[in-house]
Amino acid sequence: MDINFFEKKAKRGPQVILPKDVGLIATYSGLSSGKNVLDAGTGSGWLAIFLANLAYPGKVHTYEKRKEFYELAKKNIESSKLKNIKIHNDNIRKAKIKSRYDIITLDLQQPYDLIKKLDKNLKEGGVFAIYSPNIEQIKECVEVFKELGYETKTFENIVREWQVGFSSRPVHSGILHTGFLCFGYKKGAEKTKKK
Amino acid sequence: MDINFFEKKAKRGPQVILPKDVGLIATYSGLSSGKNVLDAGTGSGWLAIFLANLAYPGKVHTYEKRKEFYELAKKNIESSKLKNIKIHNDNIRKAKIKSRYDIITLDLQQPYDLIKKLDKNLKEGGVFAIYSPNIEQIKECVEVFKELGYETKTFENIVREWQVGFSSRPVHSGILHTGFLCFGYKKGAEKTKKK
Amino acid sequence: MDINFFEKKAKRGPQVILPKDVGLIATYSGLSSGKNVLDAGTGSGWLAIFLANLAYPGKVHTYEKRKEFYELAKKNIESSKLKNIKIHNDNIRKAKIKSRYDIITLDLQQPYDLIKKLDKNLKEGGVFAIYSPNIEQIKECVEVFKELGYETKTFENIVREWQVGFSSRPVHSGILHTGFLCFGYKKGAEKTKKK
Amino acid sequence: MDINFFEKKAKRGPQVILPKDVGLIATYSGLSSGKNVLDAGTGSGWLAIFLANLAYPGKVHTYEKRKEFYELAKKNIESSKLKNIKIHNDNIRKAKIKSRYDIITLDLQQPYDLIKKLDKNLKEGGVFAIYSPNIEQIKECVEVFKELGYETKTFENIVREWQVGFSSRPVHSGILHTGFLCFGYKKGAEKTKKK
């Protein structure tokens, strides 16, 4: 995938997740080549594409219920030329999901409701990564995680771009907050086959 | 690789790069499965291991001149069970490097000196990722990048862990600064074979 | 007051409020020479001393229920040589307060309970400044303020010290979070006599 | 002074200094009622007004060489109704300044040139507060301060406003950086007469 893919080729629709957050998701979820990921909602597909790019030959299954976002994400996935993403135009809350995954990423409203439903789809030693703009949803997730016996970690990150040269300083204005990232770690031995 | 690898198995020696910085390096360097990476200095080997984990089946070549760090990193690489890292106990400033890479990561003193030397080892469309604690080294890198016709982007990130529950707030104290990240983008079409 | 008062003379007891937070309280509460302030709980007395220092010849009345903190704060106030602070060894929740103030600062548990009680003690156009480590207490305060018809503003600040010289950068580690600051602005004309 | 003075009455001209920075200047310069301040350049006059408001009955002398900024600041100072500010339409680099001050604040280009000139105008135990958007000017100031035997402290602060309620979180975008604050502390006993 071209490093300029997101800037030049991907179409933007619903608010997209930023590299700074994708980077933390990748490192704190233990993402690595060969892992399988379940992702919802797809939105513009950026997170699914980023993850698939790094998980290859692992697979990413991503769910988007809204027809117009599904169509947009589908085009972005096609442009990415990645073959290891499968997008479903389906409501993940109603979908019958049978496979088990190494990582489940949730970027949608009321993620806490879904954690219980998808617990059976997360392998022992697997990780939920929840992305939410507000702290209230994170609190509800942490409660559910504790109930299920998961360990949790919550982060936020502030990334500033710098202008460097004659007058070096952080750029004056920009994004102060995108979302909180909450990771739920399921107990049990890591079952993913090592490379 | 086990998601707890770094906490449980890796041995710490020289100061290690943090997940927050590795995450930004991964996303802003266009790292993806199949890419080849040149890395120096190895230090404890954490960055090399993180990158190899995501770049597989791409390869990571990493250089460390100090014998004791080389020995430590070698053990960490062995524990990671990753087969796509090759570590060299050699001074990258003197080494004869012939291959061309998609990404070159530098986490050592005076990185600017090395950019000119390694320019020939970076493919068209490739990316340098420089990690430096102070702004002076970043300024020197940006100057060299401009001279060579690269585009650059410089970032720093502040990641705060939150305690979430009855009393939700960022943790009181911790790391305020690790390093600046400076990316140099080489002009030219991306030549990496697409998956 | 000596600029080194806090570093050299004041005794530290309970956790003290930092200059970065005092600075925001001063600017967002409209503190100025001649204003009268009600403050609780006193703690080590630092906030009261800072405020009195700037409000002079205005007065600061500060309440502390715990005997040992009261004794400590009393000593700090004496060392400051400021004559415009009156400290009360009393529980502000039970105290009969009749005066009306320009500014009321609360740095104690369950501040929201006190806002309703002290509303009658805040002049038209006056300001409550609430300092709380967690977001839950701030939420409760904002609800009470809305009920009472106040406008509110909530802030947090991250201050980093820099080392500047040969290698310039923010210091590696330190304080990531102290508290949130919530200001409640009471409607009505400012009645403080202008200088 | 009305707490809404800056929002409702003051006219904005050149870029104004923000409350977050004024707050740090107030606390780290040891500003208190009765201290005398020298300030340059005036700009819109906001910093001078803030300082005068807190230093009263101390005086603030402020210098602005550009006629149009001087006229604007003069109007702002008149609206503030503060009687303890004197504004000079003069270039501070050329002005003959004889008085000695407790605090000197500089918010202009090449502040380092002025530190040496104004050293004689700062009392023993006094403080320079330098506000500069870029790190290069701060480095030059720190060098001059060291040469003169001053101690220094440099800070930057990131203030985020929060929306608090049903969905609590920092506001999405805004100001990431205004300036660095560098304080130079002159040796010697504090000579300001205590209140």
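Residue numbering begins at 1 within each chain, and the chains themselves are lettered A, B, C and D in the order written.
Quick note on the criterion: a residue touches a chain if its C-beta (ideal position, glycine included) is under 8 Å from a C-beta of that chain, and two chains touch if they have at least 3 such contacts.
This is a predicted model, so every value here is computed, not measured.
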Separation of chain D from chain B in steps, with touching chains one step apart: 2
Same vs different contact residues, chain C with chain D, by half of numbers used: same
Between chain C and chain B, distance of the C-alpha-averaged centres to the nearest whole Å: 45
Whole-Å separation of chain centres (CA-atom averages), chain A against chain B: 22
Separation of chain A from chain C, taking each centre as the mean of its C-alpha atoms, in whole Å: 41
Residue list for chain A, restricted to those that touch at least two other chains: 135, 158, 160, 168, 170, 180
Overall pattern in which the protein chains touch one another (line/ring/star/complete/other): ring
Chain B contact footprint on chain C (complex, rising order): 133-136, 158, 160, 166-180
Sites on chain C touched by chain D in the complex: 1-4, 19-20, 22-34, 50, 53-57, 81-84, 125, 127, 135, 138-139, 142, 152-165, 168, 170, 180, 182, 185, 190, 194-195
